[in-house]
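Multiple structures are listed underneath, in structure tokens.
Shared chain: chain A. Partners: chain B in the first complex, chain C in the second.
Up next is the complex of A and B:
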């Protein structure tokens, strides 16, 4: 993978890390975990694969944290197959409940099944698709099932069972709900969806103006701090570093071909990105032994990716400022996921990384699977231990991985599709053959040079596909913090 | 020749002083030792002295040696400087830079006593005293109810205000057994008023009780204790006020022996314990707009904690005192007292609610709630000297060591007590038949640092750094023209 960073983005990132580190060093407050609320979007909600459902919700990173902190953490668990739109796919028609759902929300079992009921309140208030403005303003609205999926998801999470009460009870937005719970500890994971939406659309202007956004963010933090809650805010992960975006080299390992096939066949540079959507289309084309035009949203050009990265960094700077101004602490989630992106992490005997099918991200390519959540939880717990002098034990990531289907995902790897097997439908017929010959010449030249230096080398183009997904270009990307993640999942900065 | 006040002017002066007597104070726990200005000037070592009207308090047998008729009015002013710095607070608690002041408002607390004695004949002397051997006034209410909780006094769940006044109206008859020995006994009508205010529905304590009961309803599937802790924070803070009065009887007895040969007096005093059967009111108030209010209804808590009449029992300890004084050295009187108060009697204050969880559905109040204090017995060592400078001027000094009966676990906003070392001085000037006395006392409380595990949830552990200034003025004069006594003498 190649991280396309500008000098400006590097500078912003460096500043961000410096401020975060300083803030962490200054924070000496006590941490009371009695009432732990989480405000966020799909990441903190436990969105994975194709919706929000209890299978993954119970293993999201806030839930792991709560378990390790030994505190209550009722969640709005959704019966499989779940609810919510998956980013990058068309919006779905709201059919709720759908088979095999019953109550949609999971009711904890009671000794007498007739007593089964949902929790009156939940503490994980994260709503997939929630932006900051939604967290402040979007409240549940009756009836519980709406035509709009987003409102339906809000209703199911923030308005269930309130929308069914005969007694008039308040219907809160996410922020209002959090305040009503009088949290002692609040974790704010907001802003990611704004970044995701812009990146998936390939439109950096969809990322909100940082100053105005920062002011609203500060209001959220301030309102929680006024309740004397300890507030932990997380920086926004860079969506370009998720599995949704793959450079030609990584994408080639996913669609089982050689990088030059993609660059030549789809007119890409090494610094452009193929999206999850693009890889799906390419895979389908390869299945049909063709290379053809890609639909919109399949390619993200390098300059657009850089612009998005810069804008995300600008929002993160606002998060740091808001935290600093209001006495909150900043956990640099972006830095942690950057580390996953750059070097990957070894869990047990397997190295997982941020590639599609890399073992960290689920099939939606932007939200982690259970092992990824466990690693995030461990990193936050380690951060809390350092910041608040607590001693929360970390979860064993290897054990989590053993039951994690996402962890078991494997890339196809070898170059199943060569230039000779594929036919370009919208270009010169010998385009791929020429590219293949050029690549072979280039490989032979490299082999000769290495042979002259008596260095053993594999000269086959296909062999390159077997290389680890972590590439040299990514290694060169800014790497502000160093993490060591052990087999047991312990992580330390 | 002194200035002689007319009887009318003396009466007006006395009434004025009585009017100023709010009768409240800080005492050893709630004892008040300084009920005579002369006695206080010599460290309250007065059991074997007992030669003025305050003998009715310190040793009633002393009035047998007071010929004629006397009226005495002693007033005391207390300025308590009480400060508490908690060692632990809830997360985010705002604590004043120098800790919490627990001083009452207004700062000056007046305490008044009145004593009258009349010699009936050579053997019998009658006396009547009005005094307050027990009193308490504590105020840690530094907040309004609607203030943010974390800015309020941190120990408010252990108490915010307390007020106790136990008035003794004590007629006393003293009998002179010999010229050097007397005894006295005085039955007393005792009127007591008690007021206690505290916050409740503490998220770490009684709020948890509600939380546990509601845990499975509000957070099914969540471990009960964890759920209870969250629910407890969704309740409002409550304030309870309990006020009651009691009328009962007590009595005092004394013995005094004077040895002319050794110029030594020995005195013994006993004042009975009093069990006050209180009748009063309990009232409860709650903050509004709490999270659970729309779910349980705005009247839920008021139904659970209904205002009502209550009964209770409050016991004040007995006092045992023995003293010795000597006048053989350099025109001086030296005296020493040892006193014990059996504060062990004050182990708890049971409060009985007529409307309770047993007889009324939805009520959360128990049949009996016991405020447990578990005091220890208290010991006091008083030492004083008095020197006559001239026939009209006497000066005094004294020291009092007061061992607090309050155990660490009960040290808090209601009883911010500690062992005390008091240093006193005073004097008396005589003009004609009138004596004017004063005293000053610097009461230094030994700094007390408490660390009791069970108090962690009410945040009363910490440093108690207290000091009190006490000062008093007294008037004592003859009553030669009291008509009723003249008739009685005939």
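Up next is the complex of A and C:
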């Protein structure tokens, strides 16, 4: 696709090279992990399975990093079932506490077992649903529990202990809180929610203006750098490459049919995407042996996806610029997740990928499970080792996977809905049969051609509609960010 | 699956043990005894609108063995229960035996009933069509004993097979689990049935059963899995690990038509696949027991009642026909960041819900002080009903399984040494007999401000003959034994509202009263509704000379809920009920002490004045978590 060689991509690559060079210069400075503070949104917070709770928070990538770096990392652990809304799903009422919660915020064990006092401060300040503007401006405000889920989550994470016990400590926004902790090392994972919101809404204009956004981002980085903290900023993952969006090939494996059934039945191109919501509706229609209209939010057209990708890359360019201008280093999270999307990775004997039920993303399809977080943590640790000449050991992803329910997801059985089994409710009766015949004809022609040429199997999407190759996914959702995944982590070039 | 259930019987002790006495439940007498049908047999079609079967699955993945095998962790997979229902079409055949002492044993055949297509759905990320719905007789027929003088049924045992594509999908992803016969009451459930005379000489029959089927951690070594709504044509579905998942199947059969009048344009707004928070109106919300123990030393009756604070988490399931199923979780007051009352009766998985005021229980010759008062919620047995959307009424006679926690009950259980089951009391909203006023009911209605109001009034009477009742000193040797006419008359009344507007208004007021336990109380408040950041004030002074005396001053507001009672006369944009909670200092504490937490319920309704205040502490040596409490309890029970 055209994005791979755009000016913007070349610019971004140049920026990344420059920033890594700057990072190399920073490597002269020692990385002090004493006070490791994280600013972010749901990804760094550890959202999974439709909420934020301690079951997954304790295994988020910052926590894994902290463990491997042997530094304390108190988190605002929330008792299951958790709090917070997930983009792309119905908003929930704030019901706090709900069963079986007690204190909602987990009171960790204290040295004195009779001391019920919770930790006064936390260092993972990530708040699900946080945008950059929220990180700068949104402060806790009483009452602690409100009808507004977003404010309640802010209160529960950033408002403790101020909203609970006393007002001698100011009510801080995420950025203010981070600065007040005087971090020696800060990781900034912001911008993903802006991208997710735009992608789920199918509205690229929801992504903020990159220049203004970049200026604000630079202020955050600058304010942390002024405290002499080593600052690691992460690029924004492309939401189109999460499990929430599936091209027809991947979606077909989820809803148990052939890709041409989806493209013909729902008037899609190979480069369009079906959302998690759309796949569920389609699965429901298939139960009823029908193909019918899909509700809004079910399909993301290729051109819209491309626009979103471009705009995310524009924000990432701003992140790179901000880092460069302020002496921060850039970890290319987007590139790492792109690798997961394109090729997957092998953990133990199993390959996991970014498909729904692929083992990387949790049920919400936009936030990873524990194995995914462990892989991200390892890649960042490797990046730190390379950048700062540290020697943090990596976590054993295989061990993490053994206890990870997300890793154990299973796709549906091998049966497939055929054109004969499905009825199009608002289109020509023979639409699917014609498509099926055409697909069979095409496949036969391809097979004949292959046989004649005595060539290896052609795995292009056009050649095999049932099982197009992984490359088709890469073609369909290009990412202009150049990346290299090595043993020492994902960085530019 | 059978094995898992057997294990659950043993481990959790959820079933009445052999030491436990048989419970004699009382039904109100009918004006005229029932007449059995000619030939002692009848076959009647079930009413499609009021007959349904379904499930509310608690899909969880509990990673810690401590939460298994019953799945008491909070790791729900889809934002709530996964619910389904299907309305039934078919007949029941009931064979009666000749009555003995006005009691007729009967057996029931439900044959094969077919159900409407439905959907299995949850609040987030789950919706799966359900087809092939049917129920059928098990090899062991269902049976019970009908008291012709009351229409009530005792010794009811109901056995049934459920089948549909959702159960097939569940079985497919757990091939080592075996489909069970579903029995009501089963492990921790209930079965309830009544008969009413029909003009044609037959008997209308109404049945409801609910039970608990835990799937456990694994089936023969394979972790329990839950099917996702992505399946191939043979119902082989995608799946996720779901250790500790449990089923809560239910069956409602009714040969009579639904009650209630159409609500027309004033029907409540009932959502689907959503959990909503309903705040209780404490004036109308209480539970208690009118003790009639037939113990001469006590001197007579003792009406016991405690008014409650808190919330109901009501999950509305999918719509099926003209009904929407729902479940209720009893919840502590909003933002209760304090230790709620602890019960020694219950075990893991049981949690306090609505919190009650400390009260005196006064017999003519003895007085008890009741502490640690709360309704208890549990993940095993659910509070379940189905709303008739045409009327707002809950179909049938809604059960409200009620677990009561309070200090006297704990001693009572202990002194009866296991004779009393720790199963909940199954309160019933019985439908009135012809010509009688309706005092028990269950319904949803649209409130004056457009809010949805839930109203429940239920009762349960049982014999207490031969059981021990503690003496005021709680010494076993001094305990009393219930006489032959001893009975418990347990009730709960609940009114709770879910507001829909966000009117910005400040509610304020002040008052003084002598509390129900004799303390002189004064208070004042000014609390903003729906206005984050606006300061609130509240002071409460209790002039008791003991530990409960002192002054609480609110400093940090934790939660506010402004609602209207069912018959509120508040103008638009105003409310007549306010509940709030927050932190603040207690006057007797050291200046550097951690603040106390308080929950407050105030009704400003002209006809329902009420103030209830609870100030909390860490559990004291008697595990009491209430430092100071007060309410101006209404003199008599008011229907909600």
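Here is the rule we go by: the second predicted complex is superposed on the first by the 416 of 493 C-alpha atoms of A that agree within 3 Å, B and C clash if a C-alpha of one lies under 4 Å from a C-alpha of the other, contacts with A are read in each partner's own complex, and residues count from 1 in each chain.
One rule holds for everything that comes next: a residue touches a chain if its C-beta (ideal position, glycine included) is under 8 Å from a C-beta of that chain, and two chains touch if they have at least 3 such contacts.
Worth saying up front: this structure is predicted, and the values here are computed from it rather than measured.
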| item | value |
| --- | --- |
| Chain A as common anchor, with chain B and chain C clashing or fitting | fit |
| Which of chain B and chain C A:283 touches, first, second, both or neither | second |
| First, second, both or neither for A:101, with chain B first and chain C second | second |
| Which superposed partner A:325 touches (first chain B, second chain C, both, neither) | neither |
| Touching partner for A:421 - first (chain B), second (chain C), both, neither | second |
| Contacts of A:445 with chain B and chain C, given as first, second, both or neither | neither |
| Which partner, chain B or chain C, touches more chain A residues | C |
| First, second, both or neither for A:29, with chain B first and chain C second | first |
| After fitting on chain A: smallest Cα gap, chain B-chain C, Å | 10 |
| Doubly contacted chain A residues - partners chain C and chain B | 116-117, 165, 167 |
| Chain B-touching residues of chain A, taken from the complex the two chains share | 29-32, 34-35, 70-74, 107-110, 116-121, 123, 165, 167-170, 180-182, 184, 227-230 |
| Complex contact set, residues of chain C against chain A | 61, 63, 72-79, 123-125, 127-129, 131, 165, 172-173, 223, 225, 228-234, 236-241, 273-277, 311, 313, 329, 331-332, 334-337, 339-340, 349, 351, 377, 379, 502, 530, 532-533, 536, 555-560, 580, 582-583, 594-595, 618 |
| Contact footprint of chain C on chain A as seen in their complex | 49-51, 53, 55, 79-82, 86, 89-90, 92-105, 116-117, 141-148, 151, 163-167, 254-256, 276, 279-280, 283-284, 286-288, 357, 363-364, 403, 405, 408-417, 421 |
| In the complex with chain A, residue positions of chain B that touch it | 90-93, 148, 150, 203, 216-223, 226-227, 229-230, 233-234, 291, 294-295, 297 |
